[in-house]
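Next, two complexes with chain A in common: one pairs it with chain B, the other with chain C.
So, the complex of A and B:
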């Protein structure tokens, strides 16, 4: 063809802001508007287009062309990266004027940081960090040391973060996060990014010194400035802290990944440096904003410290390479929010780096649980997971079997016993690793996985039990390995205990995730109560066995935990659980009484009953028979007789308070357990008062309104009584 | 997919006075109803649906879609489907809309209830849908009908908001109370275009 058709000729309409798309070698543009128009006229009301790949279901993926909500191609400014560059969208240098160049580069750095934070929060690389044209064509910046080295270190950082999240492999959160198809993430020479950055930093430091000394000389000699730029110093400072922040961030990511936690202390130092550089970055905002007055295009999204629009970004250029469907446009986080994100990330990483790497499974589990309370994001959680589970060992050091024997209260010699080669022991080790990994995932996903896991733990217990019986069942066995017997016995008990621990966490997470409505609380507390009783029982058994082992006494009475001798001191761990058992029971009974006395209205669904709710809520637990012989019927039997007159006689809340107080004496050196026990005491006290009030006047005063809040404890509700 | 939020709306909304008996509920009757449904949904819900999405539902399951009329004007609609999903026959509520001046009067409840009733009679074992965790109105509505919040879906919507998967389990006749009922293995989590994804 001799001449390229314009858009108007090709489409019959002028598409604003677009240069025409050239025809390819084997293709030619043809105007099909008359054909489409004719086809529309031809279809009668109710007629549908059918095709092999266009059935009713498949057709839902169809897009309406030129509808900006669906057709992301329509909002493109440039058809391709080449076109964008040809049109000066990403100039190198950004400006011929040195000061403007620096100012613009600072804006680019800020916007990139905002893009990075947006990426971390769950969007794709293509729409965030790689909306930066300078990153999309790495070679272009080679003539500009500052821009080039900054791009390199950003890429290297993103690559490091991506590999951590990708290695953590939770298979859900990170699907969008790890998509880097077609993006230049690994560029030759990026490993040397720090040396390049250091060189640039050195240059700018010299410039800063020159600025300072020249201004000092001016003051001293009262010389009029000839052609100095008073802003030069401010820009140098702003640049330096940004460069240093990036340097320390990169160092941090490298240190924290060193195997077996060897780099954690160093990582903390870099975290501290990052935070201090951040302070400088924030301080520079005022200066940047002031000197940018009227100099640039207003940044509506406010993604830079100066308030200026950053040059060289276009999120739409990658949309064609983003599979499977063109992505919806996303909003980049504001500068303020990006800074907040990174500060939190640094704080969360610091908590991880400060961890003592206690060689105990229980300690590791407690650490993760506590860490999750601060709601860390994906990047922090992935780092924790990779620290905890490396090469099939805890912190890359402690083999799983050793961890299990220690947790089960077995003596040190057992950790090398041959029994660990048993296929079910190997499977158990896998379950423990999975548990640790899953506890590092986001709580919503975590709860589902914990629920599914229950059956696996139950099955392994059955399998181990069968193996145990097979090994020691026949009394006439010649070689009776006493140690092997002990290992099996205690591991079996520990598996049961751990299974109930998982069940308990599954249940209580429902509160944090707001899965329960107030009408569900009664049955949930009842179930928590039954699970806690089992957990306390198993915990007590384990402790009793340990003490028996330690003292090397002959026979130890293996009785239920209720049997407390006169001089017997109940272990703190059991008291801790018992206080919660009474609290759960008290709440369950209180709810039951309120329902039975019609102070709380039971929901009346036209489609199902409380029975179906019960089945659904506890489906995974009952599938795993945790505990056995639990049914809706047993729940009803326990609760249907509760009323105000008999409830006041059962002092569940008072008992919970008393036991919590006793437990506190066992945990004087454990601040976490102490604060938990204090919370339990508070809830018990408030509910005790509320219960008394309800029971005394509830039957007479029908205007009583009872509501529930989680003001003292995230799981155990506090009753609030009011007269309406 | 989506439910319009009760009591939602910036600024004052003029409520229409009417008696519940004045609302006429009609089962999807054909092509002439399609533009009414499309206009309602386009107006009230934030996601754009192509006509193919509507056709998929109303052509395959016309008996599950209902419209509410007041004095000849379409004021609400519900669009659903049902089918086999991992060995469970389940219903799915895709869209539920009632225009703002008519909210708070039980029209949405009535629309949904009619659809659920058909699902129950057709042999569905359960009904499911997703709702934003912030959509208090929808959560209360479905809660009253017997739905539980079965799962929380982290960052389900593109704007970063979480969703609840809501589920209603129908009573099963010859059921031993201590046996588990349903196998719920639905852990698929789709990013991207949720509005166009159907269970």
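So, the complex of A and C:
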């Protein structure tokens, strides 16, 4: 039976550290394991012991201990950072032997670069750059000038990049990037990193000179005696180009952030230096790989030039402080991929720095759109955004209102007009700024935001219109400000034009993001066609107002628009749009005919009817009433009669070709517009041929198969006809 | 079932007339009395979790609420302990190696006497 337990029995098996986990006052820890075991035996299957307020659903959200996906505290190799360091995971210096020390430090530098590239690509700092134990405890490296200065400049660079992305505030989709809590990102003295780096660079340069002169058997300078190691020269060179790369990268980041784009030219020089140092770095890999043969642990991930495993990295040590739950396991980029990333980053930054800072909104918008075609990464895009919109002005210099008046075709004097104090004008300025910022974000996020923005632009138009009517509604007002009237009028038109521009971009981005299935193309092209007609209308109106030709005022119906008299020279911008209008219409009609003649089978989806798909695809546009009076019915009415015998369809493509050719004469000095028009011509030509074939043979020969590819243009598909 | 006196489909009741059933429900009842008490669970890799006893199932998996994780910073003891808050956690029985409950000295005696039954 029971006897009075001894103290040891009371505590059961020795609980290590139990004295550090105190029980309450006048209470002890009692071992309940046997009791629990017994209770478990008595429980029924599926029966739980729980309290009255137990909620099974809430209980499901419990973190499961020892599950690597939920438990970030699982003890791996080391219990803590301190233990790791005490066990020699990050020695300072890395090796007593100077040559080995340098070789290892080069590997650390390379692996750090790979970590940095991985971070830029969208992972957290903690798992990448701060997996480096030397960075986690900044003071430890102070005795080793090379390592210390390199760590400082890396930290300072990361801090600069982090601040750019944070300031841009449009990185939601890559939100791991800015998580840095608990990490030593700002260490005192990091601002002086460059002077320290310069000193180290100087020392190594002297060593290199000494190496070279010792090989020629000349008297050495009185510096540390070097082993007459032929590899020493190679290591010095490898080291120097890496240090110089870091230096120029840091300078680049500082210059490019100078306000109002003042440092762009200097930044370009540093970019060029970075790229040339990269060449040296790449050249050094052969030497490093050769001299590392058999000297070290093989680097499976291949994150260093030498192929050796870098010392001093462990991503698991700080994962408890970096985030509430363990991060997804990630793979650090290989050395080659890291280099590729940085080279692309430098190229993208160079494009930004080379931009002429044209004081026109249209030019800025076109520049961003063109830049986005090369698929730049987050860091480059953030830099562009901060260059474009600073202190509420374009490039920090040109006020938004001045931009708007210029874009609307108003004379220079209007940019200082008091009307800019009107609350709706202020809101409009905000919308323009947001538009510029959104266009710098990644394409998927951008498209969603552009769609949401459409309503805001519509609303501002309505509000401005009401303000306009209020101001000038009464017929005889004593102080009739003619200039004010003109400003209101033209800005209103410009707002409409810009709204359709946004709608158009929203639609065409769907192709880049592959959001449309082949069966949606018909309605998408139809919608593009209707939006482009409106856009061309507004553009034409604006240009006409500017040139003062009063004859063509007022809304134009689309038919009269298309057969505009040939004696009137259509402005190039309008011709540009018209060629696309015909192309879109032609494609829409071709798809409709193919469907109506059953060459393309309509999808038999049990989920969505075509009507429902129409509503889903164009919901944001319809909410903003862009354009008005557009519905699924109007789409059906336009397309249901298309068939092979309406040969008038062929004219769409031919017309597109013709207009594109005419437009080219207006854009001889604009290579981008020229290449776009050429692409439009090509698509029109190919489709015209295909359509001819289909119309002539399609009705008779049912073995004809028509497929579509984006071989000539990213938005307008080319039809390919084959016999199956 | 044959040879048994209990009713075929009776769930376990506290006031069952059956002898063995009474004891088993006693053990379950005693554990029920431990609910929401501070429980210290030690696991295989050397960590400890202190929290309110919230739930247990037949397999012996335990859920603690407002749990705090204790770990030493060095492999060898004694060493300073680190702690962090985790909230609601589930400790699978497979990794549990010890389990203690905070109780008064008197209570401990009665708990022990039950253990030995």
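Keep this in mind: the second predicted complex is superposed on the first by the 615 of 724 C-alpha atoms of A that agree within 3 Å, B and C clash if a C-alpha of one lies under 4 Å from a C-alpha of the other, contacts with A are read in each partner's own complex, and residues count from 1 in each chain.
Keep this in mind: a residue touches a chain if its C-beta (ideal position, glycine included) is under 8 Å from a C-beta of that chain, and two chains touch if they have at least 3 such contacts.
What you see is a predicted model; the values in this text were computed from it and never measured.
**Student:** Determine, under the contact definition given at the top, whether A:48 touches first (chain B), second (chain C), both, or neither.
**Tutor:** A:48 contacts both chain B and chain C.
**Student:** What is the contact status of A:623 with respect to chain B (first) and chain C (second): first, second, both, or neither?
**Tutor:** In the superposition, A:623 contacts chain B only.
**Student:** Could you say whether A:359 touches chain B, chain C, both of them, or neither, answering first, second, both or neither?
**Tutor:** In the superposition, A:359 touches no partner, neither chain B nor chain C.
**Student:** Looking at the overlay, what does A:39 touch: chain B (first), chain C (second), both, or neither?
**Tutor:** A:39 contacts chain C only, not chain B.
**Student:** For A:59, select first, second, both or neither according to whether it touches chain B, chain C, the two together, or no partner.
**Tutor:** The answer is both, since A:59 touches chain B and chain C.
**Student:** Touch test for A:29: chain B only (first), chain C only (second), both, or neither?
**Tutor:** Once the two structures are laid over each other on A, A:29 reaches chain C alone.
**Student:** Can you give me the overlap between the chain B contact set and the chain C contact set on chain A?
**Tutor:** 45-46, 48, 59, 61-64
**Student:** Could you please specify the touching residues of chain A with respect to chain B in the complex?
**Tutor:** These residues of chain A touch chain B: 45-46, 48, 56-57, 59-64, 67, 69-70, 121-122, 172-173, 175-176, 324-325, 327-328, 330, 442-445, 447-448, 513-517, 519-520, 603, 605-609, 611-613, 615-617, 619, 622-623, 629-633.
**Student:** Under the touch definition given earlier, write down the residues of chain C that touch chain A in their complex.
**Tutor:** 12, 24-25, 27-28, 30-32, 34-36, 38-40, 42-50, 54-60, 62-63, 69-75, 77-79, 81-82, 84, 86-92, 95, 97-105, 107-109, 111-116
**Student:** So in the complex, the part of chain A that touches chain C is made up of which residues?
**Tutor:** 1-2, 4-5, 9-13, 15-17, 20-21, 23-24, 26-51, 54, 58-59, 61-66, 73-75, 79-80, 82-83, 86, 320
**Student:** Any idea which chain B residues touch chain A in the complex?
**Tutor:** Answer in residue numbers: 30-31, 48, 50, 52-53, 55-56, 59-60, 113, 116, 120, 133, 143-146, 148-155, 158, 160, 162, 164, 167-171, 177-178, 180-182, 184, 187, 189, 191-193, 196, 198.
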